[in-house]
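Read through the structure below, which is laid out as structure tokens, and then see the notes.
Naming follows writing order (A, B, C and D), and every chain is counted from residue 1.
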Amino acid sequence: MALDTPKRDFKIVGTRVPRPDGIDKVTGKAAYGADITATGMLHGRILRSPHAHARIISIDTSAAEAAEGVKAIVTSADFATPDDAGIRDIRDNCLALDKVLYDGHAIAAVAATSKSAAKAAIRLIRVEYEILPHVTDVDAAMKPDAPIVQSGRAFESVPAGMSQNVHSHVEFGHGDLDAGFANADKIIERTFKTAATHQGYIEPQACMANLGADGRGELWCCTQGQYMVRENCAAILGIEASQLRVTSSEIGGGFGGKTTTFIEPVALALSRKSGKPVKIVMTREEVFRATGPTVSTSMDVKIGMKNDGRITAARAELRYQGGAFPNHTVEFGAQAAFAAYDLAAVQTLGWGVMTNRPKEVAYRAPGAPTAIYAVESVVDELCQQLNLDPLDVRLLNAARKGTLSAYGPTFNEIGLVATLEAAKNHPHYTAPLGENQGRGLSCGFWFNFGGNTCVSLNLNSDGTVGVVEGNPDIGGSRASISMMAAEELGIPYDKVRTVIADTTSLGFNDVTDGSRVTFAVGLATIEAARAAKNEMCARVAKLWGIDTDAVQWEDGSVKPAGPNAGEHAPMSIADIAAIADETGGPIAGHHEVNADGAGVSFGVHLVDTEVDPETGATTVLRYTVFQDAGKAVHPDYVEGQMQGGAVQGIGWALNEEYIYGDDGLLQNASLLDYRVPVASDLPNIETVILEIPNPGHPYGVRGVGETPIVPPLAAISNAVSRAAGIRLTELPMSPPRILHAITQRRDG
Amino acid sequence: MVKVKLWGSLRQFADDQEWVDVDASNFKELLDQLSHLYPALRPKIERGVSLAVDGVIYRNAWFTQISDENEIVLMPYMVGG
Amino acid sequence: MKTNHIQTTINGDVTEFLCNADESLLDVLRDRLGMTGAKEGCGTGDCGACSVTLNGRLVCSCLVLGVETEGAEIQTIEGMANGDNLHTLQRVFLEEAALQCGICTPGILIAAKSLLEKNPNPTDTEVRYWLAGNLCRCTGYDKIIKAVQTAAAEMRGA
Amino acid sequence: MRYVKPDSFENAAQLLFDSTGITRILAGGTDVLVQMKAEMVEPDLLIDLKHLSGMREITHENGGFRIGAAVSGAELGEHAGVNALWPGVVEGMELIGSTQVQGRATMVGNLCNGSPAADSVPAMVTAGAIARIHGPDGARDIPVYEVPTGPGKTSLARGEFITSIYLPARPENASDAYLRFIPRTEMDIAVSSAAVSLELDSKGICTEAKVAIGAVAPTVRLVDDASAALIGTSLDDDAITKLVAAVEAACSPIDDKRGTIAFRTKTAGVLAKRAAKIAYARAGGTS
């Protein structure tokens, strides 16, 4: 699909219109997951493992069943057996099968007439455990004698003889590494570690389920994908997808963390058993112990460079643990690691590892931030040691059109060089620095994708338009979709209303993830609008008694295509809508697609930090994000993605971490001790949007949401390392870690 | 005949070849032929793979046309956050 | 558990409710009174999503017991707009896109309003420290701080 | 759980004394409610005293101030008189939690919670603050320093509770300061902390000094050697070096999720040094 015109003039796209859900969200009326209630509903609560790893010998629910107000208790025995291995893992994460695999793993659930009754009943469930040895560290879990989290889960790519915790292995790259390293003037090889972080959405998971004994059900929940929830739940409950209608509430953040199910199948099972609606709302502690986190990693990176800054060879070995179940995250880290570079010789190895931690869930550009952190740290250190400008070195080695990418394909048009040049020309790059201050930069990359998408666009009798799409609006997408519909139809933005369908009202849509919505739903919306326009043209042509070819669409009206078509006053959408009944019935357009061509995305972040040499405290002084966003449909929300992603990355770099004790228990399951950035930690986050049109989208749109979390880890680490005078190689760079490094440097 | 590039850890299942010749004119035929010629690739293909055609990544899209004019690279199935 | 009868004034309206002694004001607002504008992000005072004012003081409603509010004056997000007239802060938050998912927005609006009543002309640093107890995970705070300043300038002018 | 608002201190003491289950006094509630939410404590009886006479008042008394046990951090921070006299005490209190928490949290609650990291306590200790305790046998006064006895523990006897804190008068050329270290800029529990209170003579020589450190021992710790390092000096480099050494020597912290032994020890010294310099400047000293 070609871009309509490379320099198309837009009337609505690119403006900063108010969002349609705005008033509800500033007045407290918007209904999020926990805001939904039903008459006669029960409250569900989940019993969770106090152990990191244990066999469940028995579960005695008799006392809980007899307790005041208790209406149902479920365990994994209440679930069916899905065909799909991935969904079986989700099921076993929702309620443990025969072993608890991590601290916080769900075991059983109660539905009772009040929250307090449910809470009291949970304590009456008696579980007999056989405690098993546990492992939470990735390197420890890879050792041959490590405690085995799950056996028989390794994919075929894993060589024989490794720990059974190693479930996957990937390798990417090309060229002659030995020759490349032999040709280098300087080689640096370092080992890095990063802690697991959580998506940290402010809204805990919540749902309300109503499932009858006949298998017909309704589910309301906060999710990034109602269709995904339906498919998972139907399989886990053993009911047909058609019988379960899932409606997504407003969603209070996800960042990947709400791309799976945790409580919904449990609530449905409780509802089926009790015959009443059941609501479950997770506590913040449950959110930390049992949902979300991203991988923790251990990584080796080796890069060789000529004295002029040209990279001769690069190698990375990534070890990612993603909790107690297999996952694919290391594949993306391994592909993304060197994506920003044009390399003659490159190799990336990845190992996926299971530990006694919660099941890893996608977090914004999954796998990429950590790998790129390690790579960009080594590049920066090479620049320091060879006394080279770090931006010039990136420009010298930058991937561009025709570059054989480190992950396999040859790049088409990409925006990295333009983004680097924008950074180089920005006043931030040459602003003076003071004592104990350092400047860091990093490139970032994400693939982006499109995916399954349905859009239905309906013309109302007054000439206004309703758009029905199937992706929860996590950051203003109803505005951008309405904008694209209005743009395509040539009508004002406020004549379009976009709503999000439940699972029975529209065909399947992939989850809101991968920066896909503005790209793919936008694309489908434009196509649906074009279908409606074609229909309107056909109606008018018939009315005028001329061929459809003899009419054309212009500025929201149907007009004669030329003088031969005869004299006809143009008919607006409203004119056509008013006579829809008489000309053949309701007018609508729809489009269903599995969209591809999302186009990869690059960003560059620039940051200044100051490090207190006596305490190791880091202050972020100035931060600028440069990113190729394709056409920015709603620039405010593009900037918002760039700023929000940057700040999540800052948190990852400086303070956020899952802390496990020797007992395998999570020590900081609260927003007090899991330290997400607060307003006073940060400067303004300046943004520079580059609009290099994506040829895969009719308006040139490119996904923007994932890439911004990728560069901050290395950008901050490079800035801190320069400010502190010593290279930091472990995240988070908490003050004790920085002070320790400074002390070691001083002590030689 | 098209040439398809396999990533490093897949090559062990295709006689250690980086580039594999396959008689296919679209993505579906490519997957079928790969599974047929190299059965050890089948588990990974069944779990899901993407295809890059001249640098554009396709996640499913069986009917994506390919020819010996294209650069064709097999990639892991993309996910996001 | 004995149920307590409480009478308060919420957004100017005399309001009576029953609650157990261990129920937080947040529980009362959400579960007893159907006022779900205040959100529970943590229940432990760490996120600010449940912010309300109690007798003019900004508080986390999760850290106040319902039984403590006898005779109190409470302001919640539901009372911030005057009919269909949005408060300046609400309007500017929309105009300047100071929200993405919106879950933290009610708490931040209540907190910002409380700030501007006390300090109509704050510095950016003062805004950032005042709002440090209101976590936002989407925006990186940038547009929030700017929107508060825009609204403050407008309110000073008015 | 029962919630009771007694109508007098005497009745409150009796209620506390007679209670057989788990009882908690509700001050600001910012610790008790968190502990209840986390299911760490489930009180059978919650006693609310905020409405009783004097509990929410700050009154001038003998050149100092008596601060009611239910005065919130925000209210304390708005009090010009206390700010002028004991700025370090105010800044310690105001560092606790968010603006929202400040609307509820109290010094007495912070003290009685018994956390080694309590932000309001070190500066109260260096100020020589006195806690007024009510109990079954009436009222008594003890130094704040003697209240905490270990993590989560206080010296209060059965039936006793604190009704106010007295911050004494202080001479001219005197002031105090409190600093803590946290990983973020707000919202964290202190990893280490230090309060310093100084009195200077007309030449800027330190005639009296108190140094207290927090979060580096089971309770707040007054460091006499640190005081000695400062007295008789104008906080010259040598004095500061001795101060830092004395503070570091007095630390016996733990390794935990919030900080290491080495980090806590090192930063306690740094904070004491910085707090001393702030207090010195506030007291009118010029170095």
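Here, contacts are C-beta pairs under 8 Å (C-beta built on N, C-alpha and C of every residue); 3 or more make two chains touch, one makes a residue touch a chain.
Quick caveat, the model's predicted, so the values are computed rather than measured.
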By C-beta contact count, A-B versus A-C, the higher one is A-C
How many Å are there between the centre of subunit B and the centre of subunit C, using C-alpha atoms for each centre?
-> 54
When the C-alpha atoms of subunit A and subunit C are each averaged to a single point, how far apart are the two points in Å?
-> 29
Subunit B and subunit D have mean C-alpha positions lying a whole-number Å distance apart equal to 67
Subunit A-subunit B separation of Cα centroids, rounded to whole Å = 26
Hey, what residues on subunit D touch two or more of the other chains?
-> 37-38, 185-187
If you look at subunit B, which of its residues touch at least two other chains?
-> none
Expected list for subunit A, residues touching two or more other chains, is 199, 255, 283, 672, 677-678, 680
Among line, ring, star, complete and other, the chain contact graph is other
Using the touch rule from the top, collect the residues of subunit D that touch subunit A in their complex.
-> 37-38, 181, 183-189, 191, 256-260, 262-263, 266-267, 270
Given the complex with subunit C, which residues does subunit D contribute to the contact?
-> 1-3, 26, 28-30, 33-34, 36-38, 46, 48, 50, 72, 74, 97-101, 103-104, 185-187
So in the complex, which bits of subunit A are touching subunit B?
-> 155-157, 169-173, 199, 255-257, 259, 328, 331-332, 335, 347, 349, 362-366, 405, 407-412, 446-451, 513-516, 594, 596-600, 696, 706
Give every residue of subunit C touching subunit A within the complex, in rising order.
-> 1, 20, 22, 30, 35-44, 46-47, 49, 76-78, 80-81, 86, 90-91, 93-97, 99-106, 109, 124-125, 127-129, 131-146
Subunit B residues within the subunit A interface of the complex = 5, 7-10, 12-13, 40, 43-44, 47, 52, 54-61, 64, 71, 73-81
